[in-house]
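Order of writing sets the labels: A, B, C and D. Residues in every chain begin at 1.
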Amino acid sequence: MKLLEVRNLKTYFDTREGVVRAVDDVSFSLEKGEAIGLVGESGCGKTTTALSVLQLLPKEGRIAGGEILLNGEDFAAKSEEELRKHRWRDVSIVFQGAMNALNPVMKVSRQIAEALLLHEELTEEEARRRVLALFDLVEISSSLVDCYPHEFSGGMRQRAMIAMALACGPKLIVGDEPTTALDVMVQAQILALLGKLRREFGMAMILITHDLSIVGANCDQVAVMYGGKVAEIGPVGKVLRNPCHPYTQRLLKAFPDIRGEREMVQSIPGFPPNLVTPPPGCRFSPRCDAAREICFSREPAMRCVEPGHEAACHFAEERS
Amino acid sequence: MENAKKLALHRKRKQFVEALFRSKMSLVGLAILVFFVLLAFVGPLLYDYDHQEYGAGEMLEPPSKAFLLGTDDLGRDVLGELIHGAKTSLIVGVLATLISMVIGTVVGISSGYFGGRIDAFLMRVTDAFLVLPWLPLMLVLAALLGSSLWNIVVVIGVTSWAGTARLARAQTLSVKERQFVERARSIGAGHVYIMRKKILPNVFPLIFSNTVLVSAVAILSETTLSFLGMGDVLRPSWGMMLHYAFEAGAVSVGAYWFFVPPGVCIILLVLGFAFLGHSFDEILNPALRRR
Amino acid sequence: MNSEYLLRKIFHSAITLFIVLIINYFLFRIMPGDPVSMIMRNPNANPSMLAQVKSLYGFDKPQLVQFAVYLRELVKGNFGMSFFYRQPVIDVIGSRLFATLVLAFAAEIVAIFLGILLGKIAAVRRGEPVDAAILGFSLVTYAMPTFWLGIVFIAFFCVHLGLFPTVGMYTSGVTFAGFADKAVDLAKHLFLPAVTLAVVIVGGYSMIMRSSLLDVLSEDYITTARAKGLSRRDVINRHAVPNARLPIITIIAINLGFMIAGALQVETVFSWPGIGRLMYEALKARDYPLLQGIFLIVSFCVILANFAADIMYGYLDPRIRY
Amino acid sequence: MKQVREGMTEHIVDVRDLKVHFEIRRSFLDTLLGRNKATVKAVDGVTFSLRRGEILSLVGESGSGKTTTGRAILNLVAKSGGEALFDGASVSNRDREWNRMFRKKAQMIFQDPYQSLNPKDMIVDIVSEPLRIDGDHHDQEELLARTVEALEFAGLKPAETYLYKYPNELSGGQRQRVAIAAAFILSPDFIVADEPVSMLDASVRADILNLMVKMRETKNTSYLFITHDLSLAWLISDRVAIMYLGKIMEIGSHRIVAGSCVHPYSRALVDALPTMEEKPRERALLKGETPSPVKLPPGCRFSPRCSHVRPQCTREEPELRCVGEGHWAACHFAEEFLSKSGAGDPVPLQGEENPSCAQ
């Protein structure tokens, strides 16, 4: 049994302008201990997908269809009360800006202990010891144990966030741009730490990022998202080396490759689609320089180009 | 160029008005204000009433066909008094607010923009105006200057700017840090230019929506001053009516028609301003109030 | 919070107090009416007597010297003599202070408790009818003149229903058998004035609590708390409220000036023998030393309250360092 | 490509031992007791120069002083020491005429297109503002014509559809184009571009970078390109300077960030770059974070975190010195690392003439 299976997930937002189809028919799955990267431009539905898995959508958002199976149980069908028991024990999250993700008026250790006390039968003393052990694990000095979030540096806060995410030994951890606001060096440290802990504890991970190069070294699978849909999905090596969807191909060209030739990067002309009234056919068709007639009228289905590697393009095979 | 620009400005204004008309709250606020403006400026022309005419009816006569809202302690028509009193509240509400807004904005923006010693000094003065007992201060100033309507306007204006100044300062501090201010500096703009063209337009929407709330305070202040006997005796006002009602013992004889209508009018007028202020805030400062 | 923060706030409060003193001193210097003739209250006083009084009170000295003398006397606790009561100002104020404190405290506590509760309910149930009702109530009470509410309450509860006594703090002419009787009588008299005062300020608190809580509820750390599996109640009580109540503290302190204004009106309407009524009387009698004294005491109280709020803020918000 | 006309200095910008120190807010107690104030040495002795038409990247982590350096060159912060020369004259020159010229010839492009354009101004006002503010009288028609020209240069075509819009009606990429148009309108000789693409999606970054390059080609504009992104610095610049705690650690051709660097700090930065390679190389990441620039360590400021630290490093502060053609490093043992990095072979760099040590 797979650890996580997301099937035909649809998440819509009800806004004044109309229904925003932020996530529209997204499917992917994750084995135990595996890491998947969700990449794409801003507004393509990466974060909404993750928040749907955790059932943490804002008030305007709702899951309009599909299943989210974690350990075979459908999360999308559970009540808030039932969900609470699974939260953090089964799946936890590390947000982008840890400054805002930690409560400013509560000591960091207290915030971690809170999660522990909620899900496990522990005394205060035991919880404190566990927090210290977690601090040690993420390489935060135990002298900071009684500090507030603002007394931590950016990198430390993100480490504390990771310690908190690990507290109850979840099977799945979601990283929503966990290193975006950090310096290169700290970013590398945090990613290395996450990788190490993941291997140690056998956790699966959903890593959300807009930076393709982060995915390469940190994930097993990658799902490239565009306009609320998965454009291409597969093992990292295959997708990055042999991209079959025009969007993936263009996106790769937008990043400089410091190990290769010095070649100017290229933009993708046009704009991401409006998700209230998405274009007919393939959502990328208005920006695609290889679009043909069928692309503007028929929505492409996922096509398998090699084992485990699929792309939502009518001409995926031609491009591989 | 100028024409196209005017057109664009017009488009922006139209958007604002449309947004204003979309919100129920602002519609209610507008309706209330329009009603009172008509009442204050057109009402007296249509409704025959003489403020000096005592004994038109019996003393404290309950509502009847002749006197829809009864009579006061001097036998005057309460409805007539009510209509004639509307003007005072409106004038004070608008003018005192204007004074308060100008002082508060100037103090707040200079304080926030220049910082340092200027800021420290201006803020301590602002603090002093915040802690000085505000109603008594107004009472004393009114006693000092004499309680004509214009004096009351000035008194309310100069005592109520401290909150606006604080708000303007806070907003200036945040606007000042934005890169477009540095951009203006980098192309050689001076302090006055930056304050006028960059800071003020960005501080103003917040001040403006707050000011509509300040006008509520101004109206209540005028009413209270009049009630406490510091009003302009020559001008009928709702506060003055309540003053006479209280002094004449209308309360102890249960002459509701004398003291309930002015109070209800005050509440409605203040609500009108508050609703409008709230809607302005929602439209002008969407980023500040996320929902 | 640290000593740095504390020192800074003490320094700020001291400067504010000094500015208040200056305003207070010169405001009453320019008031109409010659203080000398006010003191003499004797139309037949001859010029030499006038000169004598002038030099006795120091009116012939330059303003700055007079101001220095004024400050020196203040430090000694000498607030001057009341023209009207012919007693030291400080004694007159002292005899009335208790009544106002009882009234203000009772009202403030009810208003804070109720305001926070209503604001919380409205924020949690945003968009529902309860929210609309609370918002409506808050707005209407906010728009109400305090004295008017007092009048309506008197007319309805005292005159119409006869439930409460209308005037004063105690029933006059009654000798109380014991402390308990006296307290019951006080409570009866206190009820309406305190409720009036509380009602007019509760709206402001509840609206601020509501918007502050709504702001906090959209923060990331609230999502974190939800993700951790905390129940909705715990998310709100443990994570949202501690952050949302911070602005309330400042507002309460600033609001004290408005409390005074409210107390003045309530005391006038209910004939409550407190500072507010005293101030009103002093104003009518043009008793400037008394007015000046009241101003100073009240300002001092507000500065003190603001200082206390700053300290509390520093204690509740660990981010505060300066 | 590089033309030095008569009477022009070879370098458009010359920065010599530039220092910018900030006093940090003194505590109230310290003020009372008259204690010494603490200073942040944001920029602490930076020397480099920029040739006409050259793009120099200033790379560093937050707190390295790269942005402050850029702002000091534009005289937007007061310098505490050293000198920044523009066209041979000090930028803190008080001469009015010179200042007007300077504000025209040297421009800045900011990081955040959501914050660098006043939301209350229309695009036409934003773009033409530099012209209106310089005091010369331009008639309306000329203003408009030049605004249109600038917008079209920046790829906002047809310009008429953008003129009377407000910034919030444009996308992030479009806003940054507007910022470039506003800089372009004065045909500046020098632009400080402070992280001009870091807030933009990868899919539009290239447009902005291409525009900058295009402006250099048409106007021979020089750039100081401030960035934290090594791969962007490598991509766009002729030379790269790597800063750490207010000092330049290494400066040389763009190749130094692609691997030919010699300074241990540069090496660590390059190693920390995420790559698309599936199996990451074994790499030694630096421990901890950049310390605060209030208390600098003695000797080399990188020594506490350096994995190659030796006794000399904690005693003596290394000066920036020439280690190869146009390649300078501030490390006592630079030559040693040079031989290890295999970057010793001086390949002539494309498009760069005369890469001499005289930097």
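One rule holds in what follows: a residue touches a chain if its C-beta (ideal position, glycine included) is under 8 Å from a C-beta of that chain, and two chains touch if they have at least 3 such contacts.
Every value quoted in this text rests on a predicted model; they were computed, and no experiment measured them.
**Q** Show which chains lie in contact with chain A and also with chain B.
**A** Per touch definition, common to chain A and chain B: C, D.
**Q** When the contacting C-beta pairs are counted for B-D and for B-C, which pair yields the higher total?
**A** Higher C-beta contact count between the two pairs: B-C.
**Q** Using mean CA coordinates as chain centres, what's the chain C-chain D distance in Å?
**A** About 56 Å, centre to centre.
**Q** I'd like to verify one number: the distance from the centre of chain A to the centre of chain C, where each centre is the average of its C-alpha atoms, in whole angstrom.
**A** The computed centroid separation for chain A versus chain C comes out at 53 Å.
**Q** In whole angstrom, how far does the Cα centroid of chain B sit from the Cα centroid of chain C?
**A** Each chain reduced to its C-alpha mean, chain B and chain C end up 23 Å apart.
**Q** Can you tell me which residues of chain C touch two or more of the remaining chains?
**A** Where chain C meets two or more other chains at a single residue, that happens at 218.
**Q** For the complex, which residues does chain C have touching chain A?
**A** For chain C paired with chain A, touching residues are 218-221, 223-232, 238-239, 242-243, 246, 316-319.
**Q** Quick check: in the complex, which residue numbers of chain D touch chain A?
**A** 61-62, 171, 201-207, 209-210, 213, 228-232, 234-235, 254, 257-258, 268-269, 271-280, 283, 285-286, 289-290
**Q** Under the definition above, what is the set of chain A residues touching chain C in their complex?
**A** Contacts found on chain A: 54, 56, 58, 80, 83-89, 92-93, 95, 97, 100-106, 114-115, 118-119, 148, 150, 164.
**Q** In the complex formed with chain B, which residues of chain C make contact?
**A** Touch residues, chain C against chain B: 12, 15-16, 19-20, 23-24, 27, 30-32, 126, 139-140, 142-148, 151-152, 154-155, 159-160, 166, 211, 214-215, 218, 254, 257-258, 260-261, 264-265, 268-269, 279-280, 283-284, 286, 291, 294-295, 298-299, 302-303, 306.
**Q** Which residues of chain B touch chain D once you look at their complex with the stated criterion?
**A** Listed in rising order, the residues are 1-2, 4-5, 7-8, 12, 178-180, 182-189, 193, 197-198, 201-202.
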